[in-house]
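Here chain A shows up in two complexes: once beside chain B, once beside chain C.
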Partner chain A sequence: MLPFIGMMLLTLIIGTIAAAVVDEGRSRRMAALFTGLTMIIAFGILVYSLITGSVNVHEDYIYYMVQFAVDFNFQLNIISFSLLLMATIVSFITALSGNTEHEREKTSSVLILLFELSAVGLFASANLIMFFLFWDVGVVALFFMLYLLGSANRRHAAMKFIVYEILASMLLLFAIMLLYFYTPVHSFDINTIIQNSPLIPTSTQWLVFFLLAGAFLINMPVFPAHLWLPDAHTEASTQGSMLLSGILTKFGGYGMILTFLLVPSGYTFSGFLGLLAGFSAFYAAFALMTQHDIKRIIAYTTIVEMSIILLGIASQNVYGTTGATYAMLAHGFGIAMLFLAAGSIGYMFSDRDFRALRGIIKSSVSTGYTMLIGIFATTGVPLTAAFIGDVLIFTGVLKAFSVYATIPLFSLLLAGAYLYYVINKSVLSTKDVTQNVEYIAREQKLGYSMLMFFIFFFGVLPFILLNFFSV
Partner chain B sequence: MVLYSQIYFLTMGYVMVAAVAALLAAGVLSLLHKNKRLHLIISSAILLVILVSSLTLSAYNQSFIVLNLFIVYPFSMFFTALFSMALLLVNMLASEYSTDYLSFSMLLGFSALGIFAIAMANSLITILLGLELITVPTALMIMLSGKKFIEAAMKLFVLGAVAVAAFAFAVSLTLPYGPQFALTPLSSNASVSSGYLIVLALLLFIAALSFDASLFPFNLWVPDVYTGAPGYVTAMMAGINKKVAFVALFEILIVVMYSLSGYFSSAFQVIAVLTMFFGNLVAMVQVNIKRLFAYSSIAQAGFIALGIATATQYGIEASIFQIAAHTFMIIGTFAIVLWLESKNIKTIQDYNGLNYRNSFAAFALTIFMLSMIGVPPLVGFVGKFLLFTSIIQVGFILLTALAVINSFISVYYYAKVIMSMYSKRDKERMDATWSINTTIAICLGFVIVMGLFPQSLMSASALASGSLLLIR
Partner chain C sequence: MLAILVIVPLIMAAFAAILLRGSPNTVKYLALLASLVSLAIAIYIFVYPSGAQSFQWFNVGGLAFSIGTATQPINMLLLMLVSVITPLVFLYSIGFMDVPSEQPRFYFEMCVFAASMMLFAISSNLITTFIAWEMLGITSYMLIGFWYRKEKAPDAARKAITTILIGDIAMLIGILMIGASSGTFNFATIFTLPITSYLDVALILILIGAFTKSAQFPFHEWLADAMEGPTPVSAFLHSSTMVKAGVFLIAVMLPIYNSAGLLNIMLIIGIVSALIGVSNALTERHIKKILAYSTIEDIGLMFIALGLNAPYAALMLFFVQTFYKALLFMNAGAIMKANDEREDIYKIYGSAINGSIASTMLVGVLSIAAIFPLSGFFGKVSVEVASQNVVVYALILLMELGTSIYIFRWMFVTMRKSFDKSAPVEINYRSIPRSMIAPMYILGVLTIVASAAFPYVLRYIELGAGVVNYTQITVTDAAVSMVLSIFGIIIAYRVYKQGHRLHLESTSKALFNIVYNSQLVNRAYTVITELTARVANTVGYTDYAFDRSTYALSQGATSSGGIIKGIVNGQTNIYVLGFVLGLILLIFSFIL
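Moving on, here comes the complex of A and B:
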């Protein structure tokens, strides 16, 4: 078996250096090339897993800290692999088609590669130190993405982002260190901790659970800690938004799934977490309805969807977890597509207020349809991947809690209704069509179609990944 | 074979001590030949000799006493290696930016003698001598640079004199309890029940050394002096003098005063927390970059003090690691600050668009600051990680929480500087001089390489802390 993760990381490291070294005009091609190679390797893992029947990758590299038996070691299971696959695809499309206005290409290319490096490392990490390490690399990369490439008010948004995210990472570090010392065998290895964590005293487990949950709820983001996200999205460039919502929020989702494995006593609080998720979903759905900026609207749908995903994780059964993973995969594609289209609208019409836009479907056919399908994909219309995720999540929720726990489904409905209203006003209406000035670049159309393909691919053929989830 | 290696070992020890003396002699001689470049080459060569011989000696993991004053063992060799590297960098910076490099180098010779004396100290008297040898020449270095620096120099001199006096008093108080000032544990009757004098001695030691180590509440002079001194002296004070005081603290608290570990451990918990909060909270409102980094280095001293609060071998190892890490981070930082100050770029506002003036300097400063926040995979992360785990290991959960909160607070002001450097495009290019570029490159290399592969530095500091406890 090939050292897949090592190959991916090496490709990305070489790519980062290459993009930093070559001149401005070639760096975007470099980024597309190396993210593309990484995506191909990720598909290699998929093919390999389909042949052998299980996702089972485990790789060890050089020592990092001998004293703690921490080295650069990586593993994949189906949950992390699904997210990894999504991350590589979204990164590729971001690098390929996110920056058609050719603005500061070198900076953005280097940062995309660096961020993908962190995403691959994080999803594939087999010990918590690696998890933390790649987490922080990702946060720093996105901070620069936001700050260097953002729009006018980016200073405020970037500061908010880095303060929230470093708070999350400090909570995470504290929890990791507590876990190390209170696990009887003293280990940072995720599998070892999962085997031994029932032996940790319950009160300590609760403390660790609160710290971890705090960190991941900030990152996801869910209600009380979501304030950084809308600002960050309003100011970020198209590429920054795609990576932020598409991949960074999944760090938190994946971490939340891990949390329940690492600290089983946290199960006590799953009900409260579910309640918080439900409230957060409705809160975001209502907050969504007061927004006019298309990017801000999409940002709030991220909060709605991530809250639903948290609900699925909190249900703590195989349906909920599988559904949450699948919904994260679907949401990554859907939201990347919406932001790609929204960025293109903002660029073409130099306005993102939906009340000022009319008949995009006439003036720019591909962007209009992409927007429409993106909204199908986020609201979970059948045949899209999000549908599978939502069905599984709510099956799990129904099993774990009561029928009342499915009420948050209505928040999705509310958000969806507003999105259709927005789309009806701006994209589909044919009265006084706003004239656009630019045509859409070929690579952007490629990006649209690839995302559309994956949304329907994973929606129509869910068994490709779902077969690996053990029931 | 054993004999040969033994002879080699002893010879190397004497070579090293001779090299320290030669450095001083070269400093004095430079006043005669008045050739800057020649002196730079000679002093750098001598410092390299010290570096190489101390690295060789630390590999032996043995100890022996030189001239009854110095002791050679892994702990002292770790710090002679570290300080000789740091002195190399400071010497290089000064050779280009000092107005009176030859006088500076003479003073640096004295200072270096003090620094190495404390690193290799075999008795309390050696430490006392070393402290005097560091404080007075440093004050003179500042004073020599021009009239506008006199205020800072006087502050340092007066307060330094008080600190040395307190230290001397503390040394004399230990006399009834220990054999002739030697760096060995006090006799077993040196418990608190035997009288308050030993506790007073402990407090005076902590107070005197906290002054140099810039620990709260003895650090109020730090921002003024750091800001008022020329940049290369600031780099030396923050990168070397402060760390030397920590070395003296290790030697006195962990070796001599270990029977009172309960007392100084609880004292240092309080000191560490107050120092961190003081440094971080005040740094948030600073506009002058040099002052900001002065406060940031105070906060970092608070982190280092966490390791002393544990009073365990692992805690000392963590402190030693963080000392090495911070030495390079802060010298690199002050090298950039020094260079920009000479171009009259001083406040955060002035730093706007530094990336477009000189992207290498901006990148390096960003990496140094991320490392100070504790972002992996940089060396500052490993240091903080070791410190935090060391205090969790002895069960101080609340202390860890406070340290983590501090680590988080510091993001605000570091991010402010980073953002200012990367804002406002279209500035004209500015090239740094060779000494600045070399210093930055060495420090940057250390921060990144030791962050990605920290194992060598970790085992070196483990060896050092282990040997410090063995000598007891």
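Moving on, here comes the complex of A and C:
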């Protein structure tokens, strides 16, 4: 078998360097090329897994910290692979079609490649040091993405982002250290910790659980640590938003799934976590209904969706976990599509307040329909991937908790109702305002159609990935 | 042969509509052709039923989610209705949709809509049902808001999708509750489940879903507003698709509702909805909304029949209502087209000018008023007969009287001659395209023969043990019903023949508000929306305050940093002063 992860990381490292050394005009092409290659390798893993019947990748490279026996070692299971596949696809589309303004292309290309490097490394990491390393690379890459690219007030948003994320990193590092010292065999290896974690004293497990959950809940984000997300999205560039909501929030979701494996005693608190998730979903759905900036509205839907995903993870059974993974995959595509369209709207009309926008479907047909399908994908209409996620999550919730735990599904109703209101005012109306028909770049249309394709591909053919879960 | 093949031509036509959007003429004939192919396949399935088939869609943790089809007679009934109405509606659309640039979008949405309804008709498990159900909701949203340039259409579409979304989410929870507890989604297995309060909750949630889709109280107002969509959509939506979905689902699941003892909910909601439908239809002036309220009444009657555990009566009405309602909507569309798209019946003239429209309209109107040889008679009277309760029986008779008044008001008022001789109404009536006239004739014939055909269809349907067949209509029942209908016609003739109006609004405001209660319902919707908005404002403000307070916290941290910075400034004398002060403090603390 081919060293897939190594190939991906090498491609991305070469790509980052290549995008940094070529001149401004070509750097975007470099980014698209190398992210595309990475995506092809990820599909290679899928094909390989379909042939062999299971996702099972283990790769081991040179020592990184000899004293602690920490290697550059990688592994993939179906959960991390689903997210990895989504991350490579979304990164490719971000690099290809996110920046139609041609604004600081070189900076954005380098940062996208760097961020994808971190995403691939994080999802594939087999030990916690690698996990932490790639986590911080991703956070730093996105910090610069926010700080350097975006609208006028971006620096404040970027600082807010980094403060929250540094807090998360700190909690994460502390938890990793505790795990290392309290595991009887003193290891950073995820599999070894999972095997030995029942031997850790329960109180220590609880402490580690709180630290890890704190870190990942900030990252997901879930109430009360969600405040960085709307600001970051309002100020970020289109590409920044796509990566932020599409991929970075999934770090937290993946971490949360991992947390329950690393510290099984955390199961005691799954009920509280579910309560928090349910509250957060409603809180975000109501807060969403007072927003007017399209990007801010979409940002709040991220919080709603991630809360529901947290609910799925908290239910701690095969349905909940599978559903959460699938919902994260779906959410990555859906939210990237919405942000791509919202960015295009902001660029075309120099305004993102939906009350001021009229008749987008007339001015730009593709953007209008993309928004519409994005909303279908967000509210979980069947045949979009989000439906599969929602169905599985709530099956899991019903099995783990009670009937009342399905009430958070109504937060999707609130969010959906407001989203339909927004789209009626801005997209599907031609009341008394005539706007110029703007030219939409070909690569942007390609981005729309690719994301749409994947939303329906994973919605109509869910068994491709879901069959691996039952193995 | 898989029954699911029936939707394939329509799906292919839908995709062809996107690819061939440059040539609208090809698209419309292609859609018609596809619907005819689907009809042929449906007939084949009807003749050679393939039985239940299913394939696994995905499987997680032993819970299988399958796409399953069934060819039970009840499935065949709906499938045949949909596949017969679809080509007729498409044929009608050829003449009706005369804006070429919008046609590919229209036929794409219509094809998906029809395909979802066919999938719904043949579904054998709740997952397949829900997929078709949601696709219906989404496409109806797009079709109702089709003329998004019109002022009211986007809002009407939003009202529909928001209402339907409530039901969808309730229904999804209900379905998952059944699936998670029993491990299966198949209808056949669900019927054997033991009745628990848990199952009751699930069934009620599914029932809420059915009520939203079938426009029953208190979720009914979206249907009247849905008239903003193109007329072929209304003809389709009100006859065989969408609003019938709720009734059909409950009819399929009726045995379990019966054993769970939830029939009274249907009965009460059905009566309330039917009364609301009649009273609004009596006072409404919008030509299509009158028919929409009439649909709410019909569906209400079907729920009454289901609530009485008389599925045969419900299905009888279900079957015959398809034809006369599609016919009347097609008439309404043609009449509006001839009257420059005016919608107020008091501004519409001369529907008797075109003989084809007038004659088919008469068939439809007589049928809905339940006049003897026509199919509507059999539908309505079987519901009447099914009601063993005197109160219910009286209420149904009252509804029947109301029906014949409002529908003849609808006809007589639109038949007046125009006072304005210069208006080109007459020419417009003469130039209604033949493709719009032809389906009316076909539906007129079907309306007449439907009641005769129904017993043959009914023969196939076996609804399980314990279901009483109440379709024996006696002469007395028929006579009572006929007398009432004719009485209604006479009233309508005397009052509305010259286009008179009853100035109810000026004479009694309170009575008018009770009768024309759609305003009240809409006001209630507004109140609910405003309450939600108020909660949202509170939460939004909290969120803002929360954000500000974290900001204040960071400001506080920065300024306290400033204070310390002021002390720790590198000057030796300050440090010495601090040292001395600290030493004094230490000494004092020892002494004391």
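Everything that follows uses one rule, which is that the second predicted complex is superposed on the first by the 466 of 471 C-alpha atoms of A that agree within 3 Å, B and C clash if a C-alpha of one lies under 4 Å from a C-alpha of the other, contacts with A are read in each partner's own complex, and residues count from 1 in each chain.
Everything below uses one rule, namely that a contact is a pair of C-beta atoms (placed from the backbone, for glycine too) under 8 Å apart; a residue touches a chain by one contact, two chains touch by 3 or more.
Bear in mind that the values here come from a model prediction, so they are computed numbers and not experimental data.
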Superposed partners chain B and chain C on chain A - clash or fit: fit
Which superposed partner A:Ile162 touches (first chain B, second chain C, both, neither): first
Which of chain B and chain C A:Trp206 touches, first, second, both or neither: neither
Included angle at chain A between vectors to chain C and chain B, based on C-alpha centres and rounded to the nearest 10 degrees: 160
Partner chain(s) touched by A:Tyr64 [first = chain B, second = chain C, both, neither]: first
Residue contacts with chain A in the superposition, chain B compared against chain C: C
Which of chain B and chain C A:Val140 touches, first, second, both or neither: first
First, second, both or neither for A:Pro224, with chain B first and chain C second: second
Contacts of A:Phe457 with chain B and chain C, given as first, second, both or neither: neither
Which superposed partner A:Ala417 touches (first chain B, second chain C, both, neither): second
Chain B versus chain C as contact partner of A:Leu409, first or second or both or neither: second
Per-pair minimum CA distance [chain C against chain B, superposed on A] in Å: 5
Set of chain A residues, in rising order, touched by both chain B and chain C: 163
Complex contact set, residues of chain C against chain A: 56-61, 63, 65, 130-131, 134-135, 138, 141, 145, 148-149, 151, 154-155, 157-158, 161-162, 165-166, 169, 172-173, 176-177, 179-181, 198, 201, 532-533, 535-543, 546-547, 550, 554
Complex interface listing, chain A residues touching chain B: 62-67, 132-133, 136-137, 140, 143-144, 147-148, 155, 158-159, 162-163, 166-167, 170-171, 173-174, 177-178, 180-181
Contact footprint of chain A on chain B as seen in their complex: 370, 373, 375-377, 381-382, 385, 388-389, 392-393, 397, 400-401, 404-405, 407-408, 411-412, 415-416, 419, 422-423, 453-455, 458-459, 462
Touching residues (chain side chain A, partner chain C) in the complex: 163, 224, 227, 231, 283, 286-291, 317-319, 322-323, 361, 376, 379, 381-383, 387-388, 390-392, 394-395, 398-399, 403, 406, 409-410, 412-414, 416-417, 420-421, 424, 428-431, 462-463, 466-467, 469-470
